[in-house]
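These are the structures in question, set out in turn.
Next come two complexes built around subunit A: one with subunit B, the other with subunit C.
Moving on, here comes the complex of A and B:
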């Protein structure tokens, strides 16, 4: 009885409040000569995005711009995940070393970068890269690769050249043994490397004010890659260290009695067993990393959040719709990956231990 | 480096009027004394009622000192509270409020899971946990004034956003800690006929707090770091002041020093927080 009355009271209060808020909101939106709706997503955007993997010009739609932003976010996320996992594994192994100084080094790294806000790190790397790298007129040049404070310019092969790399997952799935897989992998890489010489490379050439032709990676992209990788690698190192500590000591002792050295013990015996233990925490960190990419708005990299809640919001004035799009898409990403983390990854690996 | 004093001063206190700096010093003292008081309470040196009363007094007096009332103390507009002291104040004001509120929500989630308010809260918390903090801050600064026709200053928006964000995370921590409580405790409570809110206050809550301290401190440290994000919605906290300084030509070459100061300040704050967590963990003993 009490519960039902609380439910009733709550629903009355909540619905009235919600109704009042929505009416006010609608009034205010109409006051700006706008109408609530997502139709504007299919009108012309009117702005170019300079720093993208797929081109966006001003006569394409807002929805296209949002998709381009998502693409930017995901590519950056994948690059950051790879780099931060490598650095994280390195420091986790370092922290299990017997040398006291190496342990100290790894704990200093982890504690330093874990306790400084990510935004401070991003702005620090951005400012220092802009400050230390030379301007475009006097680039640091190595063969045809130019490095300046506008980004990295490098020769680019046509995108067909990278198609053979799609065979790599096939090798990992189909190959029967470790040796077989290794040989196939090496063979593919060598054949692919030789084939690169037969394509037309676009080489960056100097024009009056800049360099044109070839590929370009902007300074903002590099900054985010470095800062996010370092920040998340300190968290990932802690996760992996926890997983390593959970493996029974007998494993190390038996591996030692077989004559393996410290690095071999870690890579071949301990880490494969620790994977199911630290995997859920690790995937959580990857999810956090994807959310942290939204800080790119501070240095002006056109990621999903920056384009939707920054450029499009300011240009079209439709703040409510833009924020709703952001919330929905982040919610979708989160729901899918949470489902994956909870239901697919963990129990399957758990059975192997 | 003659202007290093000026730089540090600007990063710490920003635009706060120079004659009123003593108020900020007292706020810092209040923060320290509140942590000390919490440790005292955890060691059973002071009773619960005194602790709650003292905490309330300290929070309100720090708020009063920061903004004044125009009668005894000059009124300070919210945009003049800036610099690193703003980060500290945001953290200090959001952490106790969010923790106390999430205890209430935790009660709802554990004992009244079928109520509609609980369902609403769970869904909202899930949404808030899945979006980055800046989205929430943007929502509060842009959409909420349109919904309510109330002018919301950026400071209020930041504080509200941080509190909501913190509640969504702390409730999850509390829920996990509640699942870790031994089933014997529930059985004994049932044998003594302690049920409902009395069981929550006297049996669940003390154990929830004890179990959750490590992850709670982790969440607090995350929040302290997240206070740096308020610079994106235009508040001049320490990072905003740093950007102002770098934009000036005369300090352009000092950016390494400036970033080192900011990093050291945040690092110190997080270090103090984790130290506090370790002490608290040792202090709480139930016999």
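Moving on, here comes the complex of A and C:
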């Protein structure tokens, strides 16, 4: 009863404060002869974006540019989540090893990358890669794949070639047994692989300044992938290590007495029990990672934050509106993720413990 | 105290030395306004603003005047609660390219990767120009000037674009400035002007007329060195500028009739300000010559 009234009281205070702020904001906006509104989002943006998965040109709207930025952010986030988790698991397992040297190596890695600010790491990797890789005139070449300090250039099949891959989820849903699923999956991959030979591939060719045609992954994208994955992996390793340590050592001892080796114990006994323990913390790291992508602006990768609170804000002069868009979208991403963590993932795993 | 919004750091326009003294073209215009009002060029509180906060700081009256390399455009003048005053610098968007490409004009940059410092209307101009010429390019927008210059120097991009004035500064920061060249063509008009918050007519007029007075002083040949001698001049135009002959209406905008005499003595005329700040970084007068010399500086008469 008391708890409910306190909750109610706090809600009222919060809502009143918010209402006062909004009224005040509205007054000030009128007072300063500012035009306030989000209509401008649907007018022509007037600028091009260089490095995107879906093209944005100057005759498309600001709203479109924001979506393109979100798309860039999400694809980078997914790649970073995969890579950082792999590296994180690797160092977590090292740190629970009996060898003192491997433990030391792992803790050195974790402490080094956890303690240096992310922005510094991004700038360090960017500068090093720019100096280290050759300029575009003298690319490192393997067949039709070129690597230079502008990025990776590679032959590209038309996007229609990737459509069969959409069947994969179908296999996982419809297939009845594990064996059935495995055969279907392998069959699909082989047929798809062979089909690739029949498409017209776009091959990067030299132009006056650069290489054009084919696919391209820019050096900024790689830098962010590396820097963000390494930084996050040091936190992820600690999360996973915590989960592993939470499993009672009887489990290890019992497994040992059954004759399992260290790797088998880890993969078959410890990790399956540790996952529910470290999963919420891990998902939090993924959220942090997604938000950290906003540092991309420092090296010129057009992510959601850079496009909205950088280019669009500068272009239109609508600082308040642009920052509100950024706040709302980040808030939305986080609310959805938090809901997922609390209501979908966590109870299900908790019951397993 | 006059609260003046300036750039965080742009050589020639707004810099700060290790004793904390500010100098620069934009800074001098703040000082000139202070001279006109207070008879003292140092009654200025400088507030550094970045591209994102500048207009909001002005419209919410956190600063009284914005003297920060700001391009005068329709949308900014009408939709942001601010009003532009007189134009004090005619800039344009230019390009820095390595000499090894033997490029003479911007239209030869077909297919090039171009590094951009965001801020003004840079990206917009670039898109407009290249779509009009129907040529392709790939923009890379880097927030910090240092990173952009580094990327350009490592050949991450083939050209580097921003306002011509800032481009001259950037060129001096390169390791081998002689291997690079600034193209002659501008792809945009960038008239830089001081701005004030909307709604205060007197204040807008005061700022405008100080700027015009500084330009007029150069046209009439009065500078910081000869100001005392000029007091004895017989030219009625000079006499009005210096407040010896009555300048009706000055007190309506809160100024004494001899406000320009104070400004010229304490800060200087347009040439004084330009030579002190921009000539050392390699900028030529170009469009910023007097109309009598074929430039665009043309102040309404003070009478």
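Note that in this section the second predicted complex is superposed on the first by the 297 of 353 C-alpha atoms of A that agree within 3 Å, B and C clash if a C-alpha of one lies under 4 Å from a C-alpha of the other, contacts with A are read in each partner's own complex, and residues count from 1 in each chain.
FYI, a residue touches a chain if its C-beta (ideal position, glycine included) is under 8 Å from a C-beta of that chain, and two chains touch if they have at least 3 such contacts.
Only a predicted model underlies this, so the values are computations on that prediction, with no experimental measurement involved.
Touch criterion not met for A:74: it reaches neither subunit B nor subunit C. Of the two partner chains placed by superposition, subunit B and subunit C are both touched by A:123. Applying the stated contact rule after C-alpha superposition, one finds that A:131 touches each of subunit B and subunit C.
In the superposed pair of complexes, A:201 makes contact with neither subunit B nor subunit C. Touch criterion met: A:48 reaches subunit C, while subunit B stays clear of it.
Contacts of A:28 after superposition: both subunit B and subunit C are touched.
In the superposition on chain A, A:320 makes contact with both subunit B and subunit C.
In the superposed pair of complexes, A:309 makes contact with subunit B and with subunit C alike. In the superposition on chain A, A:292 makes contact with subunit B only, while subunit C stays out of contact range. Within subunit A, the residues touched by subunit B in the first complex and by subunit C in the second are 28, 123, 127, 131, 297-298, 309, 313, 319-320.
Looking at the complex, you find that subunit B touches subunit A at residues 112, 114-117, 120, 127, 129-132, 134-135, 138-139, 142-143, 146-149, 221, 225-229, 231-232, 239, 242-243, 246, 255-256, 259, 262-263, 266-267, 270-271.
Residues of subunit A touching subunit B in their complex: 3, 6-7, 10-11, 14, 21-22, 24-25, 28-29, 112, 115-120, 123-124, 127-128, 131, 291-292, 294-295, 297-298, 305, 309, 313, 319-320, 323, 326-327, 330-331, 333-335. Considering their complex, residues 51-53, 55-56, 59-61, 75-76, 79-81, 101, 109-113, 115, 118-121, 123-124, 126-128, 130-131, 137-144, 147-148, 150-151, 154-156, 158, 197-199 of subunit C touch subunit A. Listed in rising order, the residues of subunit A touching subunit C in the complex are 28, 32-35, 46-51, 57-58, 123, 126-127, 130-131, 135-136, 149-150, 207-210, 212, 219-220, 297-300, 302, 306, 309-311, 313-317, 319-320.
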